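Two complexes come next, and they have one chain in common, subunit A, joined by subunit B in the first and subunit C in the second.
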Partner chain A sequence: MAVDRRKVAVFGAAFVLRLLLICFFPSLPDLLTGRVEVSTPVNSFKRLQEGLYLYTRNVSPYDGGVFHQAPLLLPLFSLLPDVKSNPVPTAVFYFLVDLLNAQALATISESGQSVQSRLHSAIRKHIRWDGVSVAAWFLFNPFTIATCLARPTSVFTTSGILFAVSNAVDGNSLNAMLALGFASYLSLYPALLFVPLALLCYDQRVQKCPQAPSTVVFILQHGAILFGSIAGLLGLSVLITGNFWEFMSATYGFHLLVPDLTPNVGLWWYFFIEMFDSFRGFFLGVFWLHLASYVGGFTARLRRQPLFIITAILGVFAIFKPYPSISDASLYFALLPLYRHLSPLMRYTFFAISALLYSSLLGPAFYHLWIYAGSGNANFFYAITLVWSLGLSILLADSIFAALRDEWEQDHPEAKGQEVKQV
Partner chain B sequence: MPAAIRNLRSDPQLLFVRLPNLLSLLCIVVGVVWLLLLPLNDYSRQTYISENALLPGQVHAYFTGSEQNIFRGYKKELEGLINEEREDGAQNPEVESTPAISNKIHSILQAAGLKVATQKYEYTSAGITHRGENVYGIIHAPRGDATEAIVLVAAWKTADDELNLNGVTLALTLARYFKRWSLWSKDIIFIFPPDSKTGTQAWIDAYHDLHPSSVQPLPLKSGALQGALVIEYPFDHRFKTLHIVYDGVNGQLPNLDLFNTAVAIAGGQMGIGANLQEMWQHDDSYEARLKTILRGMTKQGLGYATGAHSSFMPYHIDAITLQPKGEGWEDEMALGRTIESLCRSLNNLLEHLHQSFFFYLLMQSNRFVSIGTYLPSAMLLAGNFTIMAIALWMRTGYHSDPKLSGPTGSESSKLKSEKSSSPGTQKDVAETKTDGSAVAERVLALPLTLVSGLHLLGLVPLWIFNTIFHQYFTTVTYIFVAVDIVLPLLLAALLSNGLGISTPIVRQQYLLIKSFALLLLGLSLSTLATLNFSLAFMIGLLCTPLSFVVRLEGAAPLRYAISSLGLVLLNILSPPTVLIGICWYTGVPIETVLTQAAFGWDVWGMWTQVVVWCVWWPAWLIGCVLLGSSMF
Partner chain C sequence: MTVPALFSLLLALAVTLWSLPASASSDYQEQLFLQPLPQSSLLASFNFRGNTSQQSFDNQHFRYFPRALGQILQHAHTKELHLRFTTGRWDAESWGPRPWNGSKEGGTGVELWAWIDATDDEEAFAKWITLTQSLSGLFCASMNFVDSTRTTRPVASFEPTGDHPHAEGLHLLHGTLPGEVVCTENLTPFLKLLPCKGKTGISSLFDGHKLFDAAWQSMSVDMRPICPSDGECLVQIEQTVDMVLDIERSKRSRTNPIPRPVPNEQLLCDASKPYNSEDTCYPLEKASGKAWSLQEVFGRSLNGVCPLAESDGSSEQSVCLRVPHERQVFHSEGAVEHKKPDGFTRCFSLSSSQPFDLSIPEQPGQVQVPLEAPVLHAERTIVGHGQERGGMRIIFGNPSKTTSVDFILFESLPWFLRPYIHTLQATITGPDGVPREVPSSELVTGTFYRPAIDRERGTQLELALSVPAASSVTLTYDFEKAILRYTEYPPDANRGFNVAPAVIRILNAPGSAPVYIRSTSLLLPLPTPDFSMPYNVIILTSTVIALAFGTVFNILVRRIVSVDQAAALGAQSLKGRILGKLVAIRDRLRKKETKVE
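Up next is the complex of A and B:
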């Protein structure tokens, strides 16, 4: 196999850039690790260190009430040298994970699934970026770099999701489900991607062999695989922690019930701080239902483009998850360039990106005014997280509009280029 | 009305070229006029004490009579020591931080019953080493639990580098006097740093365990600091008014309640007038008010430490400096009583000062404007860049209009077939229709790379000006003036040749470069306006021409003439030229200013330079490149 020179250059440059950043600014990783925009209670590297400390001293890692991440991360990280005295191996490990993610993205892009799937063929196919460009877009995105340097464990969830999708577009539905099982095991919410991912696998299967089983049977089979993989991982976790219910309530219970209201870029924390306790259960249900309901809607409406459903749902996660961070946004931004052919149809890109830029500058400034200078208050930061979510929502809604318009133009070739009017 | 809107939509020249220009200009004019309106009675407010617990001037101050004898005694002792030191080593400029004097203060404080400790520190900046020793003592509150403390600072050198003998003596006398009271509910810390620039910074950093390795940790600590007062009294005669200095590092201000309390106590209880911003003759006229505001804004915008109190601000500790000024009949006892009363007020606090404003512009000792009233002026200035950026972006999207799509049809057809210059991004062009509402494909790679690259380039002068030795500052500044003349022309020439690697740059890309540069500028300035209003306003004002700089087209001779004239004018507004101009106008050597700036960066954590080199300079450079490209 010939080595793609451009790819080597991009991947090498991304690696060297990250390495230079930690060499020239050795305090940068710790600074980023402490930022609420990057580290949330469920992915923070600092909390992982705490859990690791307890684990290596044979205390249950969940005893301190600080660590809320999956137990299998602990044996993995206990293999790496101590971060305090020797931070480079851990950092390099994260760089490599980033490169693997980029590789998965390149695979997804090169499959062409985003422009040409079983039921859909985009009109502007020729406007496309190749795999290396999409990978470069991901690797040189400042949000990705910041995430990589801050070492949150959500990077592994990202890998799980990206590998699930890249395997699915290659037709390896078994591997896809195993990867999704890994992502779901780490942070629960990727399980919501199951239906669109299974549809993606199904479309690939049908294209390869026409005598494929019916959709329902296929989905049930793959549901069983997913379930099996998660069960296997949970079984391993029990071997490590010894106490099933303790780690279940400390990890998935924590994800579901949102007890820690540390500020983050999402919309939940402020809302639940303000809420009277008696309504908490109800609104938890409503918020989760709201998040999950997108899956059904998108799947039904965009059935012809399963990969786009996954992209859109990842965008929804970046906005409406209980503990979102910029790593979720960076995953969404990583998949968006696959839909380069939709950009002529998008109308508010500039405004959405401006809103995102404004909020990424003003967010840290207002957080500083609130926490350090003491001259602002929580509303300052919350207002900016609203702007951030607004920017993401505009981008998401605009891309969905463009995808629908693309489908519609495919169905009505005569109406191509006509102005849209609300009736 | 609908007809007017339809007209507007059908006339892209008006919509995308004239209207944004007009709107931008309007934003700038309104922004400046807004600031000029602030001193009027309708837009400013009378100050008031917001925190009721302060109760300023409600207690009798007992610091009189026999305490004056103690003051004289301490002063004699210190004077004697200083004279001895002077005779021993007259060449030593830092007479006040010698061990003998440190020991003297140590023993006086100890005799008064305070716990005393010392801290040595050393800072190096621009090749100059600053070292000294802080002496400090703590009165433990008889009624408190050592969780909160008030700080009194008397530096040996005032902010103007005068010997602060009376101030130090007064602080010593107050330490002895305060120790005998049983009413304190907060600890009181007395600090005697050798100078106003470094000592308090070293002390406060070490107090919060954030000190660099060249600074010793503090052996003795107390609780959370609630407020700090700095005493200066650098002369021997009696004084007339109190000058209150309140600006902190990076334009951070103390809570307005602290300033108000000081004014209320000095004016109401003691009958001493209060001044601010060196306005000795304040007749409450519009001009005087505006001048006060502008002086305050200059200090805030430059962001340097104006006194020993400034170092406290980044730690969210409200602090002011009290400087006696003028010839009058108030003596050191009156100053002492003022400080006693202020300490009593701070002693009353139940929680950290938070009630009143943190963002304000003072125009008189009893009049101010708050952030809600003044912020729009800086935001309008920043908004003008954003408006222009959005308009330019939209303008690049429409290319049906021949006037807008480039000087020749061949160029826009070139655009259609163009592949972008960056190797990582390959672009094709959308099918476009002829009805004018279609979106043109934008070629983003080159503009994005150029704009972000030039912003990163700003790190180079930032690094240079904060690292080199002080004796080279003047030379380097002049070198940068030369670089600023050559670099834009060089970049413009390179750009018009397509950087040698790709097809020539087209008009759309020039517009996109300007759009991105202005977007970033507007973005940074509006963020900055929430942190340091004055700096954002000043930079915004200096950058206003950049909104209107375009790549000229037309007949060659005229184009050359106008663009060279424009470049000369822009070069007058370049960061190094502005620095030279200001230094020339105020008569301060460039070296002094830049040494102070490098010192601020190294010791105080001042980030004015970052704004200058990574926000202002790149935006200015791009403006010059655009204008310069008219020549090629």
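Up next is the complex of A and C:
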């Protein structure tokens, strides 16, 4: 097998860059771990350390308000050396996970699914980046680097999702479902990706052997696989913790009910701080329903591009999930370059990018004004999270428009490049 | 010396050594102990103790035991109760060890712990809630706010002081209210529990204005069963009030309480200070001690003897004063002074009919009453800045040159302070003064940790520690400050939240009475949202969500057409047809105009 020199260079450079950052700024990982933009109550590395400390001393980490992450992470991290005295192995472990994620991305990109699938063929196929460029875009994204150094456990959820997609585009539907099961086990919300992912697997299967079963049967089969994999992981977790309901309510119950309102880049925390007590339950339901509603809409309308559905839903997660962080945004930004061919069709790119830059620069400043300087109040940071969400949703809506326009142009090749209108 | 005289002498001696006689000669006794402390302070320590037999307690025959309290305790199945109301800070550096070895004081605010008879934890908690609610009504304190988040079940920090024949069914529960302001409305019900109700006896000295103006004061109520090996079980209630009064401040007249500066010529300056000059002065404390009398310090004189405390017609030596024997003390007529052989203590037998007063003049050049050094210094502070996270730092100093100190540190933290126990670090500073970091396991011999659950229970941390001789140990750990829902903040949200003091139980002397130290309470500032704009936040967030949802679904449900097609499609719609008609009418009008021309 010929070694791709460009790929080795990109991966090596990404690794060395991260290594240099922790060598020259040894306090940087702990600083980033403490940032609310990166660490949320459900993925914080410091909380993981606390859970690990209790776990290794035979105290149930779920019998407390600090640790809300999946139980299988505990034995995994207890294998790594103590991070206080020896931080490098843990950091290198996270670097490698990042490189694996980039490899999965390169696989997805090289499969060409984003431009050419069973039901869809983009008209601007030639405008496209190869796998190494997409991987480089992911590896050198400052959000990804910050996430990697801060060591949140959401990195593993990202891996699960990327591996699920990369296996799906390769036609390994079983592995895809197992990987999605792992991601859903870690943080619940990736389960919403099931239908588009199953559709992606189904399209691959039909392309390979035309006598594939009907869509419904295929989806039910794969639903069973997903369910089985999650059940297996939960079974392992029970073996580790010994108390099923305790860890279920401390992890998934925590995701669903959002009791911890620590600030983050999302929209939920301030809303539920200020919500009247009697309406809290109602709005929790509305917010979750709203998050799930996109899945149905996208799946129905963009059926021809399952990979794009997954990308768009990941964008929705980055905006509307209860505890979003910049690691979710970095996953969305990692998949967007697959749709380089849509960029000529996008209308508000400048505005969206400006809003994102504006909020990512002003966010930390306003947080400092509120928490440390005391010269601003909570509204400063809240306003920035609104701008951030607005920027992301403009980008999301614009990319969906471009994808639909692309589909339309495939149906009407004569109208390529014409002015269009939606009626 | 007759036998009763010898007995009373022994009794008084025992009281001066701060120890508790196991059984009392009569069923009700009261004692007042006074000791001038450095920095012109006066420690006044009142003790009232009543016994009743277990049988009459069970049959609700109350004589010395207050009925109001007794019925509450029976209703809540409480076998042993300790209730503390404390304000101020005991200055151990200048005042020495605490009265009663700290066993009769509480943390700032209200502290309550009880042994409750119940079959399981839930039942014990239900009875505990009954108890706190009832005591809240009885003492006019907010003890009804002792809910599950402020209740802990200490494992090693407290032991029952009474004798319990059936100890296996007992549950210890402990609650604190560090923010409670102790004041006169708590003193009035406290006095009503006493047999003489503050009318006669030493309790007649209590005046809310003076008591709560003290630099430090602590009121306690203890109820415990006592079972002597040979006799019938007793139920004992003991109430104490300890206070440290600033003599100068207490002597101020009530009609004109504004403090005035000392005139220059009366100032006594420390000439050894380098900055001492005509216009700068470091005031020296008078070596002679302040002059004072009961009347001046308490604002009233002692009103005879409580008749219930009398035994065989003559009163006990109920007032004791600890000053050197050389010092002159004047007392009112009818009282008899007894000097004790230790050279510092004198007690007074009071006449039951006459008021009693005591006055000490200023007297230069005399020996001071020696103060013992405390066994352990402890100090607890919050470090760090910002409203996001912080750290707790606890410093223990062992002044002894030869022995190490073993103790248990008990912390109960509110749930919105989230400690990271894996960051627990110990630094030890030896006699050489060089701090060195050690693994916390080297000093901590045992840990009990129950983490907090949001809105359900607080953190409970008990550490068994040992500090080597002539060293000081600093413990630190990080914590995070939670942000609350806006309805969970008190009206003065930016003042911060009170964190209960740590309780330190020193273990060194086996078999003897336990020694307790309590740190000061802490103030924890939390991040606050903007309380003025719940509607605005709901509206703005909903707008952003609606914008995203609207845009995305607008794009999803509409068809894409080219601009030409759009025009054609537009012509078929209702709006298009109306527009078409309008255009036609306009064109016709224009045509008519051209014809006229």
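Note that in this section the second predicted complex is superposed on the first by the 421 of 423 C-alpha atoms of A that agree within 3 Å, B and C clash if a C-alpha of one lies under 4 Å from a C-alpha of the other, contacts with A are read in each partner's own complex, and residues count from 1 in each chain.
Here is the rule we use: a residue touches a chain if its C-beta (ideal position, glycine included) is under 8 Å from a C-beta of that chain, and two chains touch if they have at least 3 such contacts.
Worth saying up front: this structure is predicted, and the values here are computed from it rather than measured.
Participant: Mind working out whether A:344 is in touch with subunit B, subunit C, both or neither, as first, second, both or neither?
Facilitator: first
Participant: Is A:372 contacted by the first partner subunit B, the second partner subunit C, both or neither?
Facilitator: Both partners.
Participant: Looking at the overlay, does A:354 come into contact with subunit B only (first), subunit C only (second), both, or neither?
Facilitator: first
Participant: Contact-wise, after the overlay, does A:79 reach subunit B, subunit C, both or neither (first, second, both, neither)?
Facilitator: neither
Participant: Given the touch rule stated above, what does A:209 touch, subunit B (first), subunit C (second), both, or neither?
Facilitator: A:209: touches no partner chain.
Participant: In the overlaid three-chain picture, which partner chain does A:124 touch, first (subunit B) or second (subunit C), both, or neither?
Facilitator: first
Participant: Which partner reaches more residues of subunit A, subunit B or subunit C?
Facilitator: The larger set of subunit A residues in touch belongs to C.
Participant: First (subunit B), second (subunit C), both or neither: which does A:10 touch?
Facilitator: After superposition on chain A, A:10 lies in contact with subunit B alone.
Participant: With both complexes superposed on chain A, which partner does A:49 reach: first (subunit B), second (subunit C), both or neither?
Facilitator: In the superposition, A:49 touches subunit C alone.
Participant: Output check: A:133 vs subunit B and subunit C. Expected answer is one of first, second, both, neither. What do you get?
Facilitator: In the superposition, A:133 contacts subunit B only.
Participant: Indicate the residue numbers of subunit A shared between its subunit B interface and its subunit C interface, in ascending order.
Facilitator: 372, 419
Participant: So in the complex, which bits of subunit B are touching subunit A?
Facilitator: Touching subunit A from subunit B are residues 252, 314, 316, 352, 354, 358-359, 386, 390, 393-394, 423-428, 430-431, 433, 437-439, 441, 519, 523-524, 526-527, 530-531.
Participant: Where on subunit A is subunit C touching in the complex?
Facilitator: Spelled out, the residues of subunit A in touch with subunit C are 34, 36, 46, 49-50, 52-54, 59, 63-66, 259-263, 267, 269-277, 290, 293-294, 297-298, 301, 319-320, 370-372, 377-379, 382, 386, 389-390, 393-394, 396-397, 400-401, 404-405, 408, 412, 415, 418-423.
Participant: Can you list the subunit A residues touching subunit B in their complex?
Facilitator: 6, 10, 124, 126-130, 132-133, 136, 344, 350-351, 354, 357-358, 361-362, 365-366, 368-369, 372-375, 417, 419
Participant: Given the complex with subunit A, which residues does subunit C contribute to the contact?
Facilitator: Residues of subunit C touching subunit A: 385-389, 415, 418, 420-422, 449-456, 482-487, 527-530, 533-534, 537-538, 540-541, 544-545, 547-549, 551-563, 566, 569-570.
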